[in-house]
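Here subunit A shows up in two complexes: once beside subunit B, once beside subunit C.
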Partner chain A sequence: MAADLFHALLPEQLLLGLILLLMLLEICGADRRFAGLLFTLAAGAGCGVLLLQLGQGYTADVVPGEIRVDRFALLARLVILGCGVILGLCSPAASDTVKSRLLLASSLLGGLVIMVSAGFIPLFMGIEMLSLPAFALMVHGRGLSPAGEGAFKYLLMSSVASALILFGLSLAYGSTGSLAIGAFAAALPAGGPPLLVAGLLLLSGFFLKAALFPFHGWAPDAYGSARLPVTAFLASVVKGAVVLGLVRILSAASLDAETVAAVTVLSVASIFYGNVTAIRQVAFRRLLAYSSIAHAGYMMFALTDGSGGRTEALLYYVAVYAVTTIVACTCFRLLAGEGDELALLEGAFAARPVPALLLGLSALSLAGIPPLPGFLAKFFIFRAVIASGHLAPAVLAFAGSYVGVVYYLGIVLRLFRPSALPSKAKTASSPCRSWGGVLLGTAVLLLFMLVPGVFNGLA
Partner chain B sequence: MSDSQAVRFPRALPAVGTLALAGSLPRILTMLVMAAVLVLSAWLFRAYDGATPLPAVNLPWIESLGVNLHLAVDGLNVYLLLLTALLFPVVLACAWRSAEARSGLYLSLLLLLEAGLLGTFLSQNLMLFFVFWEAVLIPMFILILVFGGGEARRAATAFFLYTLAGSVLLLAAVILLGVESWRQTGSWSFEFALLSRLHLGWGTELFVFAAVVLACAIKCPLFPFHSWLPLAYGEAPASGTALMAGALSKMGAFGLMKLALPLCPNVSVVLAPYLVLWAVGSILYGAVAALRQDDFRKLVAYSSLSHMGYIVLGLFSLQEAALHGALLQMLSHGVAVAGLFLVLGLLEERLGGSSRELTALATHGPRLAVVLMLFILTSVALPLTSGFTSEFLILFGAFQKALAAWRAGSGALALVAVLLATSGMVLGAGYLLRFARAILFGPARSGSRVRDLKPREALAFVPLLLLIVWIGVFPAPFMAKAQSAVTQLTQVSPLFVKGGPGGISVPQPESNPPKSPFVKGGLSSGNGGADGR
Partner chain C sequence: MDRYQFLVALAGLIFAMGLLGVAIRRNLLVVMMCLEIMLNAVVLSFVTFAVRSQTLSGVAMTFFIYVAASCEIALAMAIVALLVKRNGSLDLSAHQDLKG
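Coming up: the complex of A and B.
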């Protein structure tokens, strides 16, 4: 039992150890480069452990009814922790303090706890542990700036979401008499008004956290006011963990017809709203925010699936979307420095071909142009949806994603346009560590593209 | 195994070449890669005899969904394999001294484009086809954007967004077909061979057909969906235009042939007369619009629109000779229009902006004039050029079909349409010969000098001209390779004779369809290729 507790939760223990060490380092005032190294080592070791356990087909009921490690938990933690490693490598030296590492590690720990939870209590704890450090990360080192406003909005909306989730949980507890996720999922098809309301409240809470239209109000301000690495963190790890947390609850269970209808309407609306609004944006981070609203739409669209392909599709989607976003953000920072205007990208390809090429490819991948991994991710989602018989909403969603191509293409257009003016792309200081992150991210994306069944191969 | 290697190489080599561009002589390397692809393709073309399929590449990609990297040569793509492999080295040779050919970006885009095109034509898996079909857009988009003219940004965006619009429905249709295979066979598959054996409901088939036709009509393009064409053809660099008109537009026609006809046989048969009318409309619109152009590039662009209409006319006549004609027209039009755009590109390179006022080329640069005239003549469909063979076969077949329909009492509309299509040839002669007169003859201005064709450029045009004459004089060896595939396509029609939905009656096809007059023995009407539905 104790050995199981240690072995099954080794990545979490590693992160905890890392957090303690970082606290000590902060007190001692140690070199921050050392903190970065520690972070990468701990998270990388966690990924290694997960890969090993996947290879063994390891499963364990660590705390019955509360914590369970199964295949999904291993894969989802691998996705979250892997994003953490890439993000840690990509973050720039200037803003990279021991404190920010500490917050990043705590948030990642929250993400991991969500994925191993088999009961609602650890799940809720995980969600809070995921979000609270994120608020702090947004304002950390920013002084008096719009970042405070963005973070405050996020905090407020996030607490509303937590309240909704809690309320839903209490209703679920009232009707099933259990706080185990399995009991809720098993009772869901039976229906009944309290369970239906509980399900809807839970969904609304998660939709708010994932910034699905019309629960998206906080996202543009929060994304737009944070520093770019933090924006990347919000869009990749936080959003990914929330979506995968929802998958943890629902797993492959098909929803009832009313919920499916509501989710369909919301996701298609989200895809359209996000993509249409993004077209008018001139700032990269706000564009990313609206693009992430649209992507939340695609991810939630998978909930309408009734053919059992949801889990695989969403794991792949979240992994691809998160890594692509991180790579795109890092490349943008390499090209435009601390600036945020898309105009900074004019003619960047001529000045710095490699980051420009990667940014262009990431944008096209987010747009879903074959054969890039973003296309395959969308294909898996739409395959599940169409196989469940929702052809018309799928066609609508395709049309919405077509609208989205316009602004992603705008990025590529700016990158490649031969400009008469000397390129405005600054030669921002690019530490080789950032390059390491970009290259690792690109390698991961390449793997996803060449071997789309990679998650099947791991298990 | 060596055979399967040979099929893989035309696809793999461009990709390898892309990686090798860091070398010191990127142009030569690129040319070597393209030449190797050409040699392999020519060898495959020779080895393919129309009956026994060559060994194919078949590697799993997304195993759980039955998406395989399945590439093979068959009767439908064997011409296009040759065309694509031939056009790229020619285009690069023509652009050899230009500024863009010194850029690694340009060369890698060309190679990516070649890989994408060959992948589209050779793929035997619907999903793979779709991936390549879309992937071709990216290099072409950047090619127009970076190396295009003053309006390049608008042209590139229009090209990308228009062509992508067609794919929205196409992707839904592709996934729907996969779902159908899952429902009917219990496992996911996107293999063409399996999909064409599925029994689709009328509604599903109609949806797939509409999606495919929309996507292909934009790509070809056909008349109301052509608005990206003058812009993109006008602004792209000459090499880009040559490839777009020569090879990319064939993707649309190929898609109709590869997807619409075999996958939706019932709907195809019912809707074929309407598509014939549509194609004729496109032929006439393109011809009339070309008559009104002053700009040579735009004129050739609209003539291309008109000629693509013939291909669609041939395909949906669902008649053996017409299908042969459509296939040959793909090859012939690809060669001729690419040649025209390349010659125009050479003139622009030599004269800059003043190329539009060029006259008396026949005096200044006789070799250039001869080459240009040959390409014009094949576009006009002069007998003994490939243009004549293919357009004659198309009209011959379409006329047979229309006559049969008229005799069966389904109205004379089809007959009128075919007669109108014939007038498109006359109009074509009108605008192209006017163009030839303006540019080749006329008063020689003093002081205007044009450098004549250099040996390198002349060498580049030789294979194109040889192909034109060869098909024009002796097309039988070509047609023999496509015979079994064509027979298989025409077999789709008897499937639905029993009565269409909604009381639409389909005329009984003639029991003994007339054979093409060009074909001697060896092309019996045997149903060896008929699928055993």
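Coming up: the complex of A and C.
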């Protein structure tokens, strides 16, 4: 039992050890580069352990009814932790203090706890551990900037979402008498008013956290006011963990017809709203926010599938989306420094071809241009949805996704347009550490593109 | 209506009240209080169901809810202090630098 607890949760233990060590370093006032190295090592070792366990086909019921390690838990943790490694490599050592590494590690730990939970208590704790450090990360080192306002809005909306989820859970607990996820998922198809209300509250809480269309109000402000690496973190790890958490709850349970209809309407509306609003944006981080609203739409759209193919499709989608976002953010930072206007990108290709090319490719991948991985991810989701018989909404969502091409192409065009401003020395210092993250991210995306069934190959 | 139904209905009512408060009140501190009211309603509902079903997991959940709620409020107060320092006002509508 004790050995199992250690072995099955080794990535979590590593992160926990890292957090304690970073606290110690913070107290001693150690060098921040050392902290970055430790962070990368611990997260990388965690990924290695997960890959090893995937190879063995490891499963364990660590704490019956509360924590279970299965294939989904291993893959989802690999996605979250992998994003953590890439993010850690991407953020230059100079701007990242020990404290921000500490917060990043705590948030990642929360994401991992969500993925191993088999009961609602660890799931709830995981969600809180995921989002609380994110608020702190947003205001950390920003002084009296608008970041405080963005963080407050995010905190408020996220707490309301937690309260909605909790109220839904209490109703589910009332009708099943148990806080195990399995009991809830098994009782869901049977229906009954309390369970229906519970399901709706739970879904709306998760939609609020994932910034789906009518619940998106906080996202542009939160994304727009944070520093770019933090925005990348919010859009990749936090959003991905929330979506995968919902998948963890619903697993293969099929939703009833009314819920499917509601989810379809919301996600298609989200795709259109996000893509149409993004066209008007002139700031990169706000554009990213609206694009992430549209992407939340695609991810939630997969929930309407009842044929069971959505888990794989969503794992692939979340992984591709998260890594692409991180690569795009880092390349933008390499090109434009601390600036945020899209106009800064003009003529970037002539000045610095490699990051410009990578940014252009990630934008096209987010738009879903074949043969890039973003296209494959969308293809898997639409295939799963169409296979379960929702052809009309899938066609509509597909049309909506091509509205998005407009602004992604806008980014690419700006990159190649000759610069109007006399090249005002794009002196974004390019610390070589950022390059490590970009290269790793690109390699991962390349792997996703060449081997779309990579997650099946691992297990 | 037995007392369990009454308590759950009461919890629902308090929860709705808190949600309404978060939606319409503009004072940062009052908004946070309304948030806490929502969480307390959830706790009431958990305890009611735990007593009715004679299981312990609902009671355990309430402890975790209180832990999470106090962390949340500690962070929120720090951010509120930042906001007040910046604009000198507790009014949510005074903080409109971002477009929403």
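In the analysis below, the second predicted complex is superposed on the first by the 450 of 459 C-alpha atoms of A that agree within 3 Å, B and C clash if a C-alpha of one lies under 4 Å from a C-alpha of the other, contacts with A are read in each partner's own complex, and residues count from 1 in each chain.
Keep this in mind: a residue touches a chain if its C-beta (ideal position, glycine included) is under 8 Å from a C-beta of that chain, and two chains touch if they have at least 3 such contacts.
Computed from a predicted structure; not experimentally measured.
Novice: Is the arrangement of subunit B and subunit C around the shared subunit A a clash or a fit after superposition?
Specialist: Aligned on subunit A, subunit B and subunit C fit with no clash.
Novice: Is A:Phe375 in contact with subunit B, with subunit C, with both, or with neither (first, second, both, neither)?
Specialist: first
Novice: Just to be sure I read the superposition right, which of the two partners does A:Met125 touch: subunit B = first, subunit C = second, or both, or neither?
Specialist: A:Met125 sits against subunit C, while subunit B stays out of touch.
Novice: Tell me the contact category for A:Pro452 with respect to subunit B and subunit C: first, second, both or neither.
Specialist: A:Pro452 contacts subunit B only, not subunit C.
Novice: Comparing subunit C with subunit B, which touches more residues belonging to subunit A?
Specialist: Higher number of touched subunit A residues: C.
Novice: Quick check on the superposed pair: does A:Leu166 touch subunit B, subunit C, both, or neither? Answer first, second, both or neither.
Specialist: It touches subunit C, and subunit B stays clear.
Novice: Examine A:Val405 and indicate which partner it touches, taking first as subunit B and second as subunit C; both and neither are also allowed.
Specialist: A:Val405 sits against subunit B, while subunit C stays out of touch.
Novice: With the two structures laid over each other on chain A, which partner does A:Cys329 touch: subunit B (first), subunit C (second), both, or neither?
Specialist: Touch partners of A:Cys329: none, neither subunit B nor subunit C.
Novice: Look at A:Phe152 in the shared chain and tell me whether it touches subunit B only, subunit C only, both, or neither; answer first, second, both or neither.
Specialist: second
Novice: For the overlaid structures, how many degrees, to the nearest 10, lie between subunit B and subunit C at the C-alpha centre of subunit A?
Specialist: The C-alpha centres give an angle of about 140 degrees at subunit A.
Novice: In Å, how small is the closest CA gap from subunit B to subunit C once the two complexes are overlaid?
Specialist: Across the overlay, subunit B reaches subunit C at a minimum of 29 Å between C-alpha atoms.
Novice: Report, in rising order, the residues of subunit A that make contact with subunit B in one complex and with subunit C in the other.
Specialist: In subunit A, nothing is touched by subunit B and also by subunit C.
Novice: Inside the complex, what are the residues of subunit B that reach subunit A?
Specialist: Of all residues in subunit B, those touching subunit A are 61-65, 105, 127, 130-135, 137-138, 141-142, 145-146, 153, 156-157, 160-161, 164-165, 168-169, 171-172, 175-176, 178-179, 182, 207.
Novice: Across the complex, what residues on subunit A touch subunit B?
Specialist: 349, 353, 364, 369-371, 375-376, 379, 382-383, 386-387, 391, 394-395, 398-399, 401-402, 405-406, 409, 412-413, 416-418, 452-453, 456
Novice: Subunit A touches which residues of subunit C in the complex?
Specialist: 8, 11-12, 15, 18-19, 22, 28, 31, 35, 38-39, 41-42, 45-46, 48-50, 52-53, 55, 57-58, 60-61, 64-65, 68, 71-72, 75-76, 78-80, 82-83, 85-86, 95, 97-100
Novice: Taking the touch rule as given, give the residues of subunit A at its contact with subunit C in the complex, in rising order.
Specialist: Of all residues in subunit A, those touching subunit C are 119-121, 124-125, 128, 132, 135-136, 139, 144, 146, 148-153, 155-156, 159-160, 162-163, 166-167, 169-171, 173-174, 177-179, 217, 220-221, 224-225.
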